[in-house]
Amino acid sequence: MSSEFGKNLRVSVFGESHGTGIGVVVNGFPAGEAVDPEQLQRFLARRAPGQSRLTTARKEADIPEFLSGIRDNVLTGSPFAAVIRNTNQRSGDYKGFEDTPRPSHADYTAAVKWQGAADMRGGGHFSGRLTAPLCVAGGIALQILARKGVYVGAHLSNVGGIRDDKFPLYPTSELFNKLTSSNFPVLNAQAGAAMQTAIQNAASEGDSVGAAIECAVIGLPAGLGDPMFDGVESLLASALFGIPGVKGVSFGSGFDCVSMRGSAHNDPFMIKDGRVRTETNNSGGIQGGITNGMPLILQVGMKPTASIASMQKTVSLSRMEETEIEIHGRHDPCIAIRAVPVVEAVTALVLLDLLIGG
Amino acid sequence: MSSEFGKNLRVSVFGESHGTGIGVVVNGFPAGEAVDPEQLQRFLARRAPGQSRLTTARKEADIPEFLSGIRDNVLTGSPFAAVIRNTNQRSGDYKGFEDTPRPSHADYTAAVKWQGAADMRGGGHFSGRLTAPLCVAGGIALQILARKGVYVGAHLSNVGGIRDDKFPLYPTSELFNKLTSSNFPVLNAQAGAAMQTAIQNAASEGDSVGAAIECAVIGLPAGLGDPMFDGVESLLASALFGIPGVKGVSFGSGFDCVSMRGSAHNDPFMIKDGRVRTETNNSGGIQGGITNGMPLILQVGMKPTASIASMQKTVSLSRMEETEIEIHGRHDPCIAIRAVPVVEAVTALVLLDLLIGG
Amino acid sequence: MSSEFGKNLRVSVFGESHGTGIGVVVNGFPAGEAVDPEQLQRFLARRAPGQSRLTTARKEADIPEFLSGIRDNVLTGSPFAAVIRNTNQRSGDYKGFEDTPRPSHADYTAAVKWQGAADMRGGGHFSGRLTAPLCVAGGIALQILARKGVYVGAHLSNVGGIRDDKFPLYPTSELFNKLTSSNFPVLNAQAGAAMQTAIQNAASEGDSVGAAIECAVIGLPAGLGDPMFDGVESLLASALFGIPGVKGVSFGSGFDCVSMRGSAHNDPFMIKDGRVRTETNNSGGIQGGITNGMPLILQVGMKPTASIASMQKTVSLSRMEETEIEIHGRHDPCIAIRAVPVVEAVTALVLLDLLIGG
Amino acid sequence: MSSEFGKNLRVSVFGESHGTGIGVVVNGFPAGEAVDPEQLQRFLARRAPGQSRLTTARKEADIPEFLSGIRDNVLTGSPFAAVIRNTNQRSGDYKGFEDTPRPSHADYTAAVKWQGAADMRGGGHFSGRLTAPLCVAGGIALQILARKGVYVGAHLSNVGGIRDDKFPLYPTSELFNKLTSSNFPVLNAQAGAAMQTAIQNAASEGDSVGAAIECAVIGLPAGLGDPMFDGVESLLASALFGIPGVKGVSFGSGFDCVSMRGSAHNDPFMIKDGRVRTETNNSGGIQGGITNGMPLILQVGMKPTASIASMQKTVSLSRMEETEIEIHGRHDPCIAIRAVPVVEAVTALVLLDLLIGG
């Protein structure tokens, strides 16, 4: 198994939810780039639990310790490693699922694959908690990208069927900053209010809702990526599906293209400010796997949180008979809220990899 | 650049639409497995153009010559190589796009990336024609998988907004055979008729339509794949986005999960015929990146054919001014029809890779 | 950059000599395998400094902390991570080499590559100290291999021109245990005494000596490895050259084959105890990149320690003029002594990777 | 299995000695680079058999057909593919070894690994013939490198114990040209004459001799490569051990370092013509895995040809009893002669990969 991705920038995530620590090793961060630890901590805070009524009340002290690859807040060129200690486990909340797997969690598949050896407390290596080290790496990547004039932003584009506006044709870093400073990042405040009500309603019924995230990247040069299997879509999708709960990844028009005709879907070329641009951006900034200089646009579909309060059907693996379970503990009613910075982090890491490989 | 994918089964596709030949090299095909060349040819015929009114009238003699890795129709264990000669090029149809890139094709990005060196006649290495060698490799993978009791099937699940039925909870190889023998593979004949009308209407207007493909795999053991970035979704999505025209890839409930609640989305475990199963399959047969023994279900969204008959806006790269082009030649009004076997092929290659890796 | 190796078993080493910590992440350790921490600590002690007059007097508390991938001394299947804190740095010993690179160290190349950003105190990421985490991973691999009947052993086969005996045609695990329990592992005690004298003589003159290590692996099945670039020699050599100070890697007859005739070099096949064996083993247990069931034999040539006491010529990079330096601090007069377990560790990791990939 | 190497330049070799064809696919050749086919053919001729009394009399029409990735002798940027047809097989010469494996060939290991499915006629995929496509790729890499001011040269440094001179501290491209134009490339003509006599003597007795090849690369910038497992030595060794018959690979002082003291082995830095240089080059141009701007120096040890005329002991695998075989056919008495350009080719490909990756 390999919890790694990347080519010139290799990201390796380790840890189990209730083990000693979780962390990340990155090979290939460019030497000499500064890291602003406070900016990084603010980024991590967006992913951390306990920020609002809509996210779990768990408190995690997600403060990474840097082990190597950085000195005096400057990347040294050798492998970067950071660890986050696991301090606030309440394993009692998670006992008892090794025999009775939680529906739509990885308990059953881990049991089949690792024959009982896995440390699945709190979801083990499959836990959403593993996105914290991913955000450490991605938060650094975002800082490096910004220095190159490349900015990444994301918002909740659909929660439980309630749609936010789409990104405009040319999103700006100001717009991204506005999203970043909100703890419920949407473009349309009314839609956002409706979404929050939907989440609260689900939460009050012990239920959860799914959501979609739209992510944009501006400032990318044309020419990144390669045809076929090393296309930008392949690289991004491969990494994004590594985020727990992702059920779909699409680019530009995404699955909407299915209902479109070519005459409407094709992006006519035009000249704007002396540069080649397209009038529309159904291509999502990628043509033939290669960036075309337009904003890169992608969508991620995230399932509703699998941990819900109601009694659920499951089986006892030891007795091979049907039974029921009830999942206690504190859970996000909509995992996508905290996944917004994770999508930004993963997207940033993939694009920095491409920029390094030049 | 790297037109390759896979780990234990490495697939490398080469060729340009109007060059000498296109082909594929596969490292890792298991030694001793037989290849039925007639069955392979029938599979290739499903992708080949010129089969019906709905596909392009071009005739391509897609008969692969095996160069290595096979003797007397048995795989030898050393690298498999096959080449298909390009014989029926009508380059005249494609002249003139190096300076005036076709909208939503790779002409512009190739020009930026390769600075005029690319052989972009007929789309060059970006051409849908490159899916022919992919189908040679995938067609062999399908034969090997079938011998292991693993079957792959696919249908047009949505054409231009007209929806086919979804696969039943437990698709069968008989159902797949029925789809395979049709040159317009759908589950619901009425929907299929409406789709064909929609395609013909678009074609008669010199236009094209987008479509979605649903693909299922049955017979997979539980336990394939790994958490995070080597999850089954990551591996499949990475390869599937290598198919020209794919805008989205999703699994199980896909983007529909966005509008669902956890109580409806979770797949309750049950015992069926002495095996652990789930009552629903929103997980698409994958939990935590690992197969759970249920049918694997995925969706691919394909954009409408970019080559349409109407006059389109573009730019002259040399003069940096706006202009128009008209694309002649023969083109599929709906590329997804011929992409159905390509999705099957790529899916089969990724899964055989996982099965080999154990 | 990528301080990683392996395919199914991915080993990633991080850290700088005088940074916060050094460590290793391993993806792919088989779930359910036990780790004996005391046996591991004994293995690490063989690499640790300060064991005898012939190794540096530095004391390093090389006690790894396990962060993930292991619970109750059993591997869980998810990424294994371990960290060793750097506690005993005496950076003063290493000051001043950023401008005046030490001959035959990596100071100059790191300065060119990372433009001054590198943390090169104590050799930084290039330090022999980085072999400690490698031995943590390798020590675990050795325990897993032993349970599969595969044993790895090594000895100092040549120190400063004084040759030890070669391994017999069929080394045994008993012989390996004898070598392991010695802190100067040789087969011929007389040769060993002469080697130690040579090392002490060099040390007393502020100088150092080179050495060769012969390593053997028994119990391997025939059929591991692949032709050409994934041959066992390629995989082992690639990893072994990652050990600081290695100048050459060879297999079986090694460079002696240059002076031999085919009639003497060919290994005749024979039947022994019902198994196919060879009468001699110039092939080193590998033919066509694939193991043949005979003991695997390899040699590693290690240069004399670059840190010597005498005044040496160098240049000032800032002033671009010639100057001299004197290296203080405590250094091994023969790095190969402590490298013996490192060679075993790396060899074990590569072979476990192959066995897992099967 | 994977007959591939490289990261940014991916080389994939396919084919079996007596199959339909052998060939190579290269991903990553830079677009726009010209290929001189006559110069390439001259390079291939150096590897081809039948040039002198010292090489086999077999005639192979090693004229590659370019399938893709090149148009009008300019690389297009998409995957390069070339095939060489197998036309002159005399399979009769090779019959009968599937049951009675030839000593020190891959017959036995292939039989174990592929259970009889392998096409081992003429050595199958393990044949030295597979170095022809490798030379097609490498010959192109050499042309590209030369345009960047990087030159690769090699000579027979030791044949059967007779030593040639070593390369001077600063070899020149003129020296390389002189070696290239000889069909017995040595620096010292007298040594060369003695070597040829030794080879003829062995040949007349139906025997063969081993040899070493020294290879140098000039014009490389400092800073290529990475610490540890992606060091230049690791990358080169991994690829060079893919050449059939290689038993050892070393750099700079190589295994001679074993008998040296640090005071003699260390390379003092100096300023020469305004650049940082070293007075000696025991480091072989590489320190800490990274090039230091001095000539890169490596050695390859090649075993004596395994195919010799005398009766040899082997076993019958079907009857599991000892027997004898006699190998007919035409064989090089010293495979290293024709391996000289192969070593150059592989070295060039690895270094071009590093230069592309930046």
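Per-chain residue numbering starts at 1, and chain names A, B, C and D are given in the order in which the chains are listed.
Going forward, contacts are C-beta pairs under 8 Å (C-beta built on N, C-alpha and C of every residue); 3 or more make two chains touch, one makes a residue touch a chain.
The structure displayed is predicted, hence computed values, not measured ones.
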- [ ] Could you compare the number of C-beta pairs in contact for B-C with that for A-C and name the larger?
- [x] A-C
Open item on the list: Give me the superposition rotation angle from chain A to chain B, based on Cα atoms, as a multiple of 5 degrees.
Closed with: 180
Task: Interface sides of chain C and chain D: same vs different residues, half threshold - done: same
Open item on the list: Suppose each chain is reduced to the average of its Cα coordinates; what separation in Å results between chain C and chain D?
Closed with: 27
Task: chain B and chain C, separation of their C-alpha mean positions in angstrom - done: 46
- [ ] Could you please state the distance in Å, as a whole number, between where the Cα atoms of chain A are centred and where those of chain C are centred?
- [x] 39
TODO: Please list all residues of chain B that touch 2 or more other chains.
DONE: 1-4, 13, 78, 110, 113, 125, 227
- [ ] Using the touch definition up top, name the residues of chain C that touch chain D in the complex.
- [x] 1-5, 13, 101, 103-106, 108-110, 112-113, 125-126, 130, 158-161, 202, 207-212, 222-223, 226-231, 233-235, 237-239, 241-242, 244, 246-255, 257-263, 265-271, 274, 276, 278-279, 282-284, 286-293, 299, 301-308, 310, 312-315, 317, 320-322
Open item on the list: Show me the residue ranges of chain B that touch chain C in the complex, using the header's touch definition.
Closed with: 7-8, 78, 227, 357-358
TODO: Could you pull out which chain B residues touch chain D in their complex?
DONE: 1-4, 10, 12-16, 19-23, 25, 27-28, 31-32, 65-69, 71, 74-81, 83, 110, 113-119, 124-125
